[in-house]
C-alpha cells in the first residue's frame, strides 16, 4: 500500500505549492501585477508576432495563420499543414544560395578609355563589387565583412584612445562619436553623393587627379556604408571595456615580465574580449538587419545588386508589389532565417556581457588609466590616422548637408527650399510627416519611460523565478529585425478581428498610429531599460529599504525615492529611445500605407529619387541625434551600455 | 505592551541555513543586543524582524500581533542602517518627516515633530542641509531621528556605528541608549563589537552560525557564560587544557600538564581523568615575582614569559606554559617587578580559583 | 538641480499634449484613440462624403477645397472639408477592401488608372463600383466625355450596359529627356521607343535610359504594355531588353523620373504629368510623346457599389466634370490634362498653353490601338516576367550587352553574328499565350509565382551565359575591360582553412 503515503505527500506538496504562490502574490501583489502585465505586453507585441512568422514559414497556405481574438487571447487558426516546401525551395534556389557566385559576375571590373560625362575627361572606370552569392549568403557576407572591418578600425581606435596620450585627444574623443549620428537612408545617400558615379569625390578628385572613376556596387557598397557607421559601436564597446580593466591586472603581468605586444596578446586582449565580442556580435546583427541602406543605394543609383539581401527581399515582396498585400511565404521564411541569426547572436551577446564583469574586479581602481605618453612621430601618426578615419566617416555627413542645399548635381544651385519644406503643410510638404514623427516618437517614448522604469526596477530589484528570462525578454528587441517584427504585426493585426473589440489596433482601414507607437516602444525598449539598470546599480537598495521600513510600499518608494535618484538615467535612456524612434524605418514602412500617416523616414523611403528632400530630412534627423547624443553623454556616465543598448 | 517575541525562527538562503531555531523575547522598553562574529546570522535575524527576509519557519510577534509574513511597510518597526541610508535628494528634515508623510500626517504637524526629533538628537542647527553636506556621525543622528519620528513599536539597529571612528562610536552609542530609554522604546541592536554590546545593553543575545548561544545581562554573559564560545567571545581570555585529578564536593583539582595544578569550584560531579577546558581571564591571574613565594602557594602555574609589555596601568604578559599553550596575564599589582622580569625567563603565576571557568568540551561545568 | 526637476516635467508634458491635440481633423491621437470618433460614426464633424482615391494629396485637397466653395456642395449641404473623409490606399487589394468595407461607407473611387478600375468592376469577389444613375450627371457625361479618345476607352460599361467608370482626366505615356545630358553624351535626340533601344543610344560609361521595375509602378507598366502591343510580343520584348541594356532599372516611377531630372540618365519612362513635373524642376528636361507609339489613358472616377451618401457623391461628380472643376487639373501644382477641352477656356486654362499644346498633341497623336482587355489578361504575368528577366538580372544583362555592343562597334562581330546574338539576348521566357494562361495563377498563388520567376530568371541567365560563351568562342574581347572574377565560397572556405588549420595546430602543439 505504498500508494497512500505518496498520495498524501503529493497532495500536501501541491497545496503547499499553491499556498506559497498565494502568499507570494498577497505579499507583493503590485510587483506581480507589473511582472505579469509587462510580460503580457511583450508576449503580445513581440513574441506572438514572431511566432506567427515562424509558423507561416513552415505552413502551406498563403493565409496560413489567422489570428482570432477571443477577448484578449489570441487563437491561431492554421489553414494548411506543416510543410518544408518553402524552406526547401528557398535553400535550393540559386537566387538565395549560390556558393559559386552568380554567373557572369565579377569582383572588380575595370573599363578603361571611357569618357566621364561630368568632366568630359577620358578615365578608367573601376567597378568594385562583391560577387553575388545569393540573397542569404550575401546577407551573411555583409554581416561578416562589415563586422570585420568595423572591428579592425574600431578596436585600433579604441586601443589608441584608451592607452595613449597625445595632443588633441579630447577633441577626438568627441569627434569619434560623430559617425554614430547617421540616420537611416542617409548613409546610403551620403555615400552616393560622395562616392557615387556622380559623387563629389569622383567628380572633383578621382577623375581629375587619378584619372579614375571608382564605383562601389552591390555588397561592397553596403559594407562600405555600414562600416563607416558601425565602427563607432565597436569603438565604444571596446573603449569602455579597456577602460574598465583593472590596471592592477596588467601591472601584475608587467611585473612578471610581460610587456608590449605580449602583454597585449596575453592579458589586455583577453580581458577586453567580452567587450570586443559583444560589440562585434551586435554589429553583425545590425548589419544583417539593415533595410535602409539597400533601399537607398538602389533608389539613388539604380544599383540593383545592392538589393540582393534578405531585408530588401522581404521588403520588396511585401510593400513594393502593387498588386497585393499578402505576405509571400518566401518572405516569411527569410524572415525566420534572419530572426534565427539575430536571436542566436543575442544570446551570445548576453553571455559576453556577463563575462565583462569578471575583468572589473576592484572597481575602485578602474578610474586609473594606464595611459602612456607618445613621442612626436607617433603622435603625428596617430593624429593622421584618426583624422583620416574621421574624415572618411564624416564624408557622408558632409555629403548630406551639401546635397540638402545643392540638390542638383547637373545644375548646382544653392537653395533652402528643402528646409522651407518642413513648414509646408501641403501635399508635398514635410509638415505632416514631421508632425507624425514627433507624435509617434513622443507617444512611444512616453509609454516607454513608464513601462521601462517599472520593468527595469522589477527585473533588477525583485527576486522571482524566471527573472533572467524576463530580463532577456526586455532586452532582446534590440536584436529583432524590424522588418520581421513588422511582418508579424501585419499578419497579426490586419484581416483579423479586432483586439478588445476595438478597431484602433487593426490595420483596416489604414490606421496604424497606435500599433506604430507600440512597435517603437517595443523595439526601443532595451535602451531605456539598460539605462534604468545602470542607474539602479548605482543606487543602494538600502535607501529603498529605509523607505519601506518607514511605511512606504515598494512602488511608492520607487516613485518617491528611486526615480528621483535615477532620473538622469531615465531621461538619458528615454532620449536615446526617442531619437532612435524618430529614425525608425522597418516597421514604419510596413505598417504605414497612407501617406498622411507617414513619418519622415517613410517619406524618405518613398522619395528615394529626390535627393535634396531626402538630405534635408537627413540633416534634421542628424541634428536631433547629435543633440541627444551630447545630452545623454552628459546625463549618463556609462556611454557604451546605454547607447548601444547591450 | 508585549515587546518583541521571536519564536523558533529558521531562515534559509537556498541550501544555506542562516538562522536556526532562534527564540528570543525582548521585553518592552528593553535594549537587547544581538552579538556575534561576522556571518553568524545576526543581521539576517534583524532583517527578518524588519520584514526584508522571510523565515522558512517560526513566528515573530510584535506587541502581540504576528508579523512574520507581513511586508516591511506594515510592521511598525523602524530601522537604522550601517550606512545611514539617508535620501540624498531630500533635506534632513524632509528625511526625518518622510515616515510621517507616508502616514498622511498633515504638513505642519509632521514638521513640528521632525524638529522635535532633530532637537532630541541635537541636530536642529543643521535644518535645511542636505545629507551630503553633513558628517557620518551627524547622518546617523538624522537617521535615528527619522526612525524615532514614527513612534515605532521597536527600533532596529543594524550595526549603526560600524562606519564611524572609535571616539564617535563611544559617544553615539551612549546617546542611542539614553534617548531610547528616555522615550521608553524597545530596541534590538546588532553589532559584532562586544565592548559596544557590553556598554549599552540590558541583555545580550549571542549568536553563532545562526544558533543562539546565550541570552543574558552583560555581567551574566561575562562572568557566567553557558558555553566555551560565549566565554571566549566576550572579553579577553585564555583557554587551557586540563585533566581533573580529584574532586571533593565542589572543589576540584585540575592538572594543567607540567604547568601546575589549579583549583576550581563547580557542583557537577565528574570522574577523575575527565578532560576539561579551563578559561582564565587575564585580570584573574597574577604574576608571582619570586619563586620562593610561589612554592608556598596553591594554584600556581609556571611558564616562560614570551612577551612582556607595559601598558600604563598594567603589564601585559604572554606566558608560554610547558604544555605549549599561552596564558595571558594583565598584572596590575606588581607592575614594576613584572616589567623588570623581561622575556624568555621562567615565571610563576597565580590563578584566582573563584574566577576559573571550566568546560567539558563546549559545555560549561557549574 | 533636484528641486527643479518638477519644473522640467511640466513643459515636457505640455509639449507632448500640444503635439497630440494640434489639428484634430487630420487624425491626431486624440481622435484616433477614442473609438467613438472612428470611421463611419458621428464624429467631430459629421461625415457627408467619403472618397477613396489614388490621387496625390495636392490633387484631392485642391479639388475638395474648390468643391466646398461651389454651388454643387451647397446643394447637398457640405460646407467644410472636415465633412469629407478621404482614404488614400497604396495597393489594389487595400483599395478594394476599403471600397467594400461597410464601416468606411465609401461613396466614390477616384484616380488610379483604368486597370485598377476595371479590376474593381470585375473582381471575382464582387464589384466594388456601381452604375451611375443620376440622369443629370449622365447627360453631362454624354456631352463632355467621348467614349474614346485616340482609340482609348474613356468610359466603361458593365454587361447590362450601365456606366461604371468615366475618365475624369487624361494622360499620355512617353519618356522625358534631359537635353543637356543628350548633348554631353553626344546622343541623337530620341523620338520614339526604338530610338531609346538603338545602339546609338548606348554609352558604356553611363546608363542612358531609366526604366521603372514593373511590379513597383503602374505607369511604367502601362508603357511596357504599350510597347508590347505596338510592336508585338516578341519585338516588344526585344525593345525592352535593349533599352534595359542601354539603361538601368529603378524602384518606382518617382525615382525613375528623378534620374532624368538629376541628369544621371538621358531619358526616363514617364507618364505625362511626371514629365511635366520634370520640366518644371529642370528646364533641361522635356517630355516626349513617342510618334505613333503612345496611348491616351483616362484616369477614371466611379461610384461605390452602395454609396452611403449618393446625393453628395453625385454632386461631387458633377463638380469634377464641370468646366471649373476640370480646370483644376491645369493648376501649376497639379499639371494634368483634363478630359474636357473647354477647360482650357477658363482663366487658369488660358495660362497653360504648354499643357494645351500637349493636350492637342495627345488627341491627335496617332495612337496605337490599345486593347485594354488584352493588356489586363496578361498584365501580372508580364510584370513579374519583367522583374525576373530584367530587373533581377540587370547587372548581368548590361554587362553582356556592353560586351556585345562593344564587340560590334569594334568590328569584332559582323552584322549577322550580332543579330544572332541579339536574337538570343532578346528572347523572353514565355510567349504571349503562356502569359495569358498563367496570369490568374500568378496573381493568386504566391508559391507558383516564386517558382515561375525563379524559372524565368534562370532561363535568362542561361541565355546570357550562352552569349558570353559564344563571344569567347568568337574571340570577342573588349580591350578596355578587365575583370577580376573573384572566388567562390568554397574557395574562400579552403583558403581560410589553409590559414586556420596551421594556427590551430600550432596551439595544440604548444600545449
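Chains here go by letter, A, B and C, matching the order in which they are written, and residues are numbered from 1 within each.
Convention: a contact is a pair of C-beta atoms (placed from the backbone, for glycine too) under 8 Å apart; a residue touches a chain by one contact, two chains touch by 3 or more.
Source: prediction; values computed, not measured.
Q: What chain sits nearest the middle when you go by CA atom centres?
A: A
Q: Let me check something: if the centre of a chain is the mean of its CA atoms, which chain is farthest from subunit A?
A: It is B.
Q: Compute the distance, rounded to whole Å, between the mean C-alpha positions of subunit A and subunit C.
A: 32
Q: In whole angstrom, how far does the Cα centroid of subunit B sit from the Cα centroid of subunit C?
A: 89
Q: Distance from the CA centroid of subunit A to that of subunit B, rounded to the nearest Å?
A: Comparing mean C-alpha positions, subunit B is 58 Å from subunit A.
Q: Of all the residues in subunit B, which ones touch at least 2 other chains?
A: 89
Q: Please set out, as single numbers or ranges, the residues of subunit C touching at least two other chains.
A: Correct list: 2.
Q: Could you check subunit A for residues that touch two or more other chains and list them?
A: 564
Q: If you look only at subunit B, which of its residues touch subunit A in the complex?
A: 50-52, 69, 71-74, 77-79, 81, 83, 85-89, 98-99, 102-103, 143, 146-147, 150
Q: Which residues of subunit A touch subunit B in the complex?
A: 23, 27-28, 540, 542-543, 545-554, 556, 561, 564-565
Q: Would you mind writing out the residues of subunit C in touch with subunit A in their complex?
A: 2, 5, 15-16, 19-20, 22-23, 26-29, 32-33, 35, 38-39, 56-59, 61, 87-94, 97-98, 101, 103-104, 178, 180-181, 184-185, 203-207, 210, 213, 215-218, 248-252, 254-259, 261-264, 282, 284, 333, 380, 383, 391-392, 394-396, 399-400, 443, 445-447, 449-451, 454, 457-458, 461, 464-465, 468, 478, 480-490
Q: Would you mind writing out the residues of subunit A in touch with subunit C in their complex?
A: 62, 85-86, 89, 93-95, 99-117, 120, 125, 129-133, 137, 197-198, 213, 217-218, 295, 298-302, 304-305, 320-326, 328-330, 408-411, 426-428, 432, 435, 438-439, 442-443, 446, 502-504, 508-511, 513-514, 564, 567, 593-597, 606-611
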